[in-house]
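Read from first to last, the chains carry the letters A, B, C and D; within each, the first residue is number 1.
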Amino acid sequence: MFNEIGTILWSDKPVEECGVFGIFAPGLDVARLTYYGLHALQHRGQESAGIAVADGSQIELQKGMGLVPEVFSGHSLDKFSGFAAIGHVRYSTTGASSPLNAQPLVFRYAKGMLGLAHNGNLTNVADLRAQLASTGSVFQSTTDSEVLVNLIARYNANSVEEALMKCMIDVKGAYALLIITEDTLYAARDPYGLRPLCLGRLGEGYVVASESCALTTVGATFVRDVEPGEIIRIDRGGLTTTHGLTAQCPAHCIFEYIYFARPDSTMDGFNVNKVRREMGRQLAREYLVDADIVIPVPDSGTAAARGYAEESGIPFEEGLMKNRYIGRTFIQPTQEMRELGVRMKLNPIREVLQGKRVVMVDDSIVRGTTSQKLVAMLREAGAKEVHMVISSPPVLRACYYGIDTSNEQELIAAQKSPEEICQSIEADGLHYLSLEGLLDIFAPKEKNFCTACFNGIYPVEVPKQTQGGKFSLE
Amino acid sequence: MFNEIGTILWSDKPVEECGVFGIFAPGLDVARLTYYGLHALQHRGQESAGIAVADGSQIELQKGMGLVPEVFSGHSLDKFSGFAAIGHVRYSTTGASSPLNAQPLVFRYAKGMLGLAHNGNLTNVADLRAQLASTGSVFQSTTDSEVLVNLIARYNANSVEEALMKCMIDVKGAYALLIITEDTLYAARDPYGLRPLCLGRLGEGYVVASESCALTTVGATFVRDVEPGEIIRIDRGGLTTTHGLTAQCPAHCIFEYIYFARPDSTMDGFNVNKVRREMGRQLAREYLVDADIVIPVPDSGTAAARGYAEESGIPFEEGLMKNRYIGRTFIQPTQEMRELGVRMKLNPIREVLQGKRVVMVDDSIVRGTTSQKLVAMLREAGAKEVHMVISSPPVLRACYYGIDTSNEQELIAAQKSPEEICQSIEADGLHYLSLEGLLDIFAPKEKNFCTACFNGIYPVEVPKQTQGGKFSLE
Amino acid sequence: MFNEIGTILWSDKPVEECGVFGIFAPGLDVARLTYYGLHALQHRGQESAGIAVADGSQIELQKGMGLVPEVFSGHSLDKFSGFAAIGHVRYSTTGASSPLNAQPLVFRYAKGMLGLAHNGNLTNVADLRAQLASTGSVFQSTTDSEVLVNLIARYNANSVEEALMKCMIDVKGAYALLIITEDTLYAARDPYGLRPLCLGRLGEGYVVASESCALTTVGATFVRDVEPGEIIRIDRGGLTTTHGLTAQCPAHCIFEYIYFARPDSTMDGFNVNKVRREMGRQLAREYLVDADIVIPVPDSGTAAARGYAEESGIPFEEGLMKNRYIGRTFIQPTQEMRELGVRMKLNPIREVLQGKRVVMVDDSIVRGTTSQKLVAMLREAGAKEVHMVISSPPVLRACYYGIDTSNEQELIAAQKSPEEICQSIEADGLHYLSLEGLLDIFAPKEKNFCTACFNGIYPVEVPKQTQGGKFSLE
Amino acid sequence: MFNEIGTILWSDKPVEECGVFGIFAPGLDVARLTYYGLHALQHRGQESAGIAVADGSQIELQKGMGLVPEVFSGHSLDKFSGFAAIGHVRYSTTGASSPLNAQPLVFRYAKGMLGLAHNGNLTNVADLRAQLASTGSVFQSTTDSEVLVNLIARYNANSVEEALMKCMIDVKGAYALLIITEDTLYAARDPYGLRPLCLGRLGEGYVVASESCALTTVGATFVRDVEPGEIIRIDRGGLTTTHGLTAQCPAHCIFEYIYFARPDSTMDGFNVNKVRREMGRQLAREYLVDADIVIPVPDSGTAAARGYAEESGIPFEEGLMKNRYIGRTFIQPTQEMRELGVRMKLNPIREVLQGKRVVMVDDSIVRGTTSQKLVAMLREAGAKEVHMVISSPPVLRACYYGIDTSNEQELIAAQKSPEEICQSIEADGLHYLSLEGLLDIFAPKEKNFCTACFNGIYPVEVPKQTQGGKFSLE
């Protein structure tokens, strides 16, 4: 798990932004459980980590830059006592990479203390920030979350739920939100359910997390997904739920299934591993190649490669070995870092590839640089033919809902046709999963997903001045 | 200079809270000049240091825990470019010792960016904080300064000056305030002029600082003190001044002259060294002892000891040698640290003291622990008699205007009569400078000073729930 | 119709508070149509009347104390030009009887002009008013509506709909709300649908009104009821609808059917006349008396009396003649006015009553004073027996949702058993319709109604300090 | 007095806008005293009148359109009880002539009730209104006063004085302000003292009024003028004073002396009658004509004419008789009304004028229409020569501080030279008092006056979009 992080950061894949974990469980070591929960969500963000613990009278916070085990030691967790906690792992979407931007954010306001952890991206944050500033709000960071915190403080005349209901009216975009007060845990999800959030039971307590894999990790039982527009409140009196604002039709992020989520997670009714296997089968139906072996680009292409192999009857092999011991220092999410290191990370296995016509299954092509290197590597290792098979449609448009897909100018599929891409990566063939094929897997719920990165149909308004995937607020 | 800091922290003296330095000087290296200015003010605060530099379009900030040279390297100063800067050294008065509380504070608000450095203490900050919170403000720290920043943001419909004028109506307490925007430097002083602030000229530019010694250090010429209630604005168009709110009579902190300020500073018309020398003369007039030598407790007792010697005719000697090489790691301003180390710091010189009747001049007795140790030291070194002479009246009451004199319960003079104190420190005699004697030095301006710590006449309302010198906002 | 108003005010019946009418119809004389619409709703409020007309660039307002024809002349209507209008007739629920409290309220705010007409009663208006005042709102009247106006102004960052959605979160109580801006008409109904509001079509335009009888009057076609929690927006682009906050189960005011609404209105799926006729039938099933004639207390008892006659087979007669020419000057809604005048208003017809055993059907008994006088009148006119039959259950509790049922202390059924009431009004028998019997009429939608005045089950929180039906804000 | 009002409205003179009167006098009939005080100030405003009375727990208000005796009857004054009151007479400067705009304005806000009466004109009211609206304020009228009320409510965290101090920072323009709460009277004057306000003593109580003539009328003793920027608070504890914002140099309206104020008033140290007499003397020194008689245009030219006669030795005569019985109904301050009626109002006395060379003294020429008619009248009555002598310099510029001098386009002196004016009014000579001559009268305080209407030196910023004297906010 730990090393898998490298995979994400050292490639040109889209980058997930954040993961959140919350727990309300009097009697248990909530800080340590949050640590484990965040660790299970580490693939969703490696830049910073933080935990805020509530003990009934106040909130204690620890956060820092780095991976979860780098930020927290067993020692530092011991100092926490309390019965509720929220945690956050972050990969910067908006806001610079800075300690000020690490989450959870803890602040004092008229009703006491409040901590907030947020996964997602608000698309009208600049407007909201300007509105808040025009009536006196000041900002010390450039995150969406500080805007949310100020909105909540403005709106919380009666209860956090009512404040969140009003926030939902103002805030456009994607959010899975955890809030902690001195004695209560809240969870909320945007009206479209763009970002995932699920609820579990742990003894007498409750757990909420971005992915169900984090529930499993801490020994909790999956109960259900938090519904789009739902606001859950958990305190000593138990769990209550309120519906804020619900879109007419959900728009869950389909890329979670293609790439981001851990295979052992189940989201909004679909198990990730099963979906990926089915993508592979569908690819084989759409594009059956006369080949000798099917190999995945590990790790995210593995399930789809198995599906392709099963459907096509072509043998599945592991033709690329992942180096699980890449040393890492602190990672800056800049372009040049992404360009580096494919070769450091993946090694072709000549014994498998030599003289073979190869179908290589990957989940997506964003900039194309990695694919080109992979094809070249396979040929060097003796592959006779290399057919690239991609378990997603071409990524043509930027995401404004919490995924860092880079500027549209950098998206190779936005610039070139599949034929041109095939040429540029020097493959013998290239096939992207069709959007229809992808959506069929989710039938009859195929309308419940956001496919904006493939077809530009954005369910939520996007910022007026689009500046690519990571738009500047600074 | 550097080692002198030790003197303050390792004793039981009142502790000055902060020093501020600001500069507007296009063409000069304002960051480096601020560094030197803060270094000259290091005696006013050793817990944290920070510099914010404005370049016309934004404000860059660097701050950290520790002494000025610990926070800044030459290298780190090089990265700054700009034409205006403010700096701050802090000893915590309100707000816990925490990186969050270090200044300057830089924030974004409706009109752009704003940095703030503050020396002093607001006495109604809890009320102001509650009022601001009731209309939506959120707070990430527990400092006065974050309250000021929010007030300014609320009030700044037209100009920073108008905002400060309105702040002056709301804010009670002591403040010398520097504010920087992207292109302008502001300086303001509370209506009573409780904390010092002076203005200097450096080439075509301007410098403002807590003490004139910082002007001298950077080569600036002293122009005048900032007046009580005055708001100064400096930009490329030059300097303009506005009067906000002015008290009927100033109330400058008299303790600056007794102890805090550097001898080479001149404040509100009086040179510190000269005032101290005069205190010694007055002491000799009030309490002439038949003794052989007059010695100071270095360094702050030196000038008064010279004055006493001059007036009395008794020879001045240096009977206590200060260890200028005390190693120091980062200093926590807690009680136990203050109790330690008198012996590590000061050594009696047997050659001077042996067989002598000694008049020892110190500036103040706060808790009494140091005095007792000093008297014992002198006797061990052979002194026949030890007369303690104090160049201030007894400190009976807590300060709420930015000086950490500790709780009134800890003030020895609030608990015991001078005779009892004399007994408890085992001296042969003890004399405090009379309040009348002290004020005569400033005649005919003797009414322009705050003497609340001596007589409880507080010019500005004090917090309702007084909790000693360092009242809690947390 | 006009004279029927007298019935309401000169009796001890519960008093409806307000009626609203709105129209968006470019090309039509919207002011005059609103006049006719209000006239059709005059039974819902006789204290003041007002019309606000929007012409695309501004809103013109005329309002005054009195009946619709008293406030407006044909001449005064001619001065209006525009394409949208709202109108209001008011009987004071909260707020004193004063010209300041007449509606619509028209004001200027950050987004331009806005007019508001409101039927209903907010139960947390004191809290809302205090919250608004704490952040600077000032109030010139004591109406709910001024509170709503301020809330809308606070919340209208983006659109009136979003502002209303947020208002729905804050505001507790009953409201049918019409809003007009320079160019748009909005209609909203509280989440429980406590007060009625329906939508009609008039040519290319739209009409909204408290009761469908007003649609008919202006020649509009009934389209549907505005749904609980719905916000409708009508402008030149057509009609759009948004759902704000919807209660789990509606709670339509059942008293509208019993007494307030005009028989020719249809509300939330039920025709008023048909419901009343069915009440009479049910009364006959519950309490069949051996009598000679069934007579109504005109006019509101008529339909139920017919139902009773049909079900029982006892002949229906008109035994009380209403004086349709009672002179009226301006009417003060005070207690003493209600006590007066039964005899001026109703005359028994000896020819019908002489020697008869009479079943007299009325819709409700509030204070009991009228019933006593009626029974006595019938006996004087020769009736041998008088059985009082009431087409509603006993009114035991005050209404906080817009009906002036008076203080609970004044409600006779809250003080006395039916037997005691029968004695006090000196009838030979008394029967109230059972609550079950009443609700059966609405089956299977019997849970969709507010029956708080009968059983104290209040769907929406009531004011903490209940002070009877007309609680004071002054 | 009563008929004199006609003089003002039926001519083309500049129009004073408002008068204010306040009283704090437990034990006296404050409502009736305010009535008399307003009556004495009736020349300052005839459009509406109002009185608000405080009794310790609330404020009662009565106001209406018309003259003081038209709005109040003895009967209506009897209903008031209380110990403090403010009153207002209004001639509309900003805001349409409408009952909504009548003053005092009484409102409820977070701290209770507050009534406000305002003489003057705010020059940045549009900006202030927009700022207030942007944070949720709503407005029902178009007056300056509603803006002031909202500002005070926003700023009143601690006290009305502190709120007024902050208002003074925001508000630009001219104001003499009276405020009443349930138990306290406040008076404030703008930092330049543009509009007059004076303080008197009445028994144990206090009186404040626009002019000292109102003090005399109610039997109060003149104490002093309220100082520019001063805020006076009067309650049962007595009178306290605070200085808000004071301009470097006052700028009292010089036109008060020339025309508006009653001759028996003394303002800011100068008696009006004495000043006017001195103007006449100075005119004679500047422009000595060989004439037979000096006559005034009654009533405001009388004192200057006497001065001219005294200094020149030419006999003073009354050559124009004023009709003191002009019927009046409610007066609309429109242009056409001003043009009418000179002849109805003034009749030449042939016996005095026949064959004479006449010097006619008037206080000012605004549009010139009246002057032309007067000259013609004198000639018709037999005057041989008519020399027009004006006791003010030419009015060249609009006033933005509360005087309705009309648009600059309508000011004859802004369009024509004195020679051209002399021709157009067909006089034999015309002389305006020189500005130097005028100011000499006030020496050595000649710099303490606003002379903007003569020389365009506006002490306070004027509105950006000048639209003449009565700029539109609607």
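Note that a contact is a pair of C-beta atoms (placed from the backbone, for glycine too) under 8 Å apart; a residue touches a chain by one contact, two chains touch by 3 or more.
Heads up on the chains, UniProt names are A, B, C, D = Amidophosphoribosyltransferase.
Just so we're clear, the structure is a prediction, and the values are computed from it rather than from any experiment.
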Looking at where chain A touches chain B, is over half of the residue numbers used by both copies, so same, or under half, so different? same
Chain separated most widely from chain D, comparing mean CA positions: A
Quick one: report the Å distance separating chain A from chain D, using the average Cα coordinate of each chain. 71
Could you state the distance in Å from the CA-based centre of chain A to that of chain B? 51
If you average the Cα atoms of chain B and of chain D to get two centres, how far apart are those centres in Å? 54
If I count partner chains per residue in chain D, which residues reach a count of at least 2? 134-135
Which part of chain B faces chain D closely enough to touch in the complex? 131, 155, 157-158, 162, 165-166, 169-170, 245
Which bits of chain B are touching chain A when the two form their complex? 105-110, 130, 133-140, 149-150, 153-154
